[in-house]
Amino acid sequence: MMYKDSVKLKVKSQKIVNITGMVEDVLRKSKIKDGLCSLFSVGATCSVIINEDDPMLLEDLRKAMEKIAPEKGIYQHAENAHSHIRSAIMGSSQTIPIKDGKMQLGTWQEIMVANFDTKDREREVIVTIISD
Amino acid sequence: MMYKDSVKLKVKSQKIVNITGMVEDVLRKSKIKDGLCSLFSVGATCSVIINEDDPMLLEDLRKAMEKIAPEKGIYQHAENAHSHIRSAIMGSSQTIPIKDGKMQLGTWQEIMVANFDTKDREREVIVTIISD
Amino acid sequence: MMYKDSVKLKVKSQKIVNITGMVEDVLRKSKIKDGLCSLFSVGATCSVIINEDDPMLLEDLRKAMEKIAPEKGIYQHAENAHSHIRSAIMGSSQTIPIKDGKMQLGTWQEIMVANFDTKDREREVIVTIISD
């Protein structure tokens, strides 16, 4: 069995937002107890990230990305090349195992959506739950 | 139900090629309307990337990778360490949701295979479609 | 059908360890011949990496990560920000296709778990096998 829904939210430019609770809501509605949860971030300037939700760490992560693809860098692609590069590096999909109705995340693992774009954007993460 | 096929194509060294149409062909043949599409790039010097297919952006991405793992860098692993490092960072697998017979990609999201190797190579991406 | 197990092992700080054989053991126990193998690394300072298991290459990869997130860098997040950043970049999940009871990895593709943390840690990779 497969249950599908999506999580939509406004995310400010360059921000990373915790959506663990929203994904847990989808899981609860699915009534699926064991299986897999597949996440896909729609858009070429965003990513789904699984890591610790600490504002200081997220700022450290932004600075690391800034080294690889600086916001004010020189690019051939107009306007937001750095946003696309960050998205490509961080990836668009993640799959998390589910047991007893809960995602098997580690203590410090939270599901987050990153909007790497130069503008505030409504972001969508498609959640697909597959049952055992 | 699961349908499996693979996409094979010659990719020049350091090039990233759009395979969205080829994956759509597999999806069409599968006759699956709703579910998930799992992609896996075979080989330790290539990746499946989901992003915008703009030659200028792909050149920007190549330059960003060049900063992390330069082609002429000094490595312990002979010959193509930079190819392996780029592949490890960009990843080998992606999972895309399917609805009404279409992949739910964003407007600018295309599926691409990157051949980071120092030689032209035949590259293979295994496509597995899981139905609802 | 879905079969689930997990692979646990002690991994030294900053080390990357090959777990292909352990994942193959889970696959064998599952008796599943065709399908998908989903891997998830539990913890915000580790990753599942698919690449060549060559100690020299893994040292090259460590040095590339050191450029992006240096161990002795200045961070806002206390103690192990570099470990989290490396984990976020390398990712927490991978999905590998299975055919005739074997994972369809390329010749040089091995499944490895990276412990990016500053301490030796017991690491867990959850293995979920989905049948055709």
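Letters are used for the chains, namely A, B and C, taken in the order the chains are written, and counting of residues starts over at 1 for each.
Heads up, the rule we're going with is that a contact is a pair of C-beta atoms (placed from the backbone, for glycine too) under 8 Å apart; a residue touches a chain by one contact, two chains touch by 3 or more.
Computed from a predicted structure; not experimentally measured.
Novice: Over half of interface residue numbers shared between subunit A and subunit B means same, under half means different, so which is it?
Specialist: different
Novice: When the CA atoms of subunit A are placed over those of subunit C, what is the turn angle between 0 and 180 degrees, to the nearest 5?
Specialist: So the copies are related by a turn of 120 degrees.
Novice: Please work out the Cα centroid separation of subunit A and subunit B, and write it as a whole number of Å.
Specialist: 19
Novice: What are the residues of subunit C that contact at least two other chains?
Specialist: 67-68, 89, 91, 95, 130
Novice: With touch defined as at the start, can you tell me which subunit A residues reach subunit B in the complex?
Specialist: 2, 4, 38, 40, 42-45, 67-69, 75-77, 81, 84-85, 87-89, 91-93, 95, 126, 128, 130
Novice: Spell out the part of subunit C that touches subunit B in their complex, as residue ranges.
Specialist: Result: residues 34-36, 49-52, 54, 56-57, 59-61, 64, 67-68, 89-91, 94-97, 99, 104-109, 130-132 of subunit C touch subunit B.
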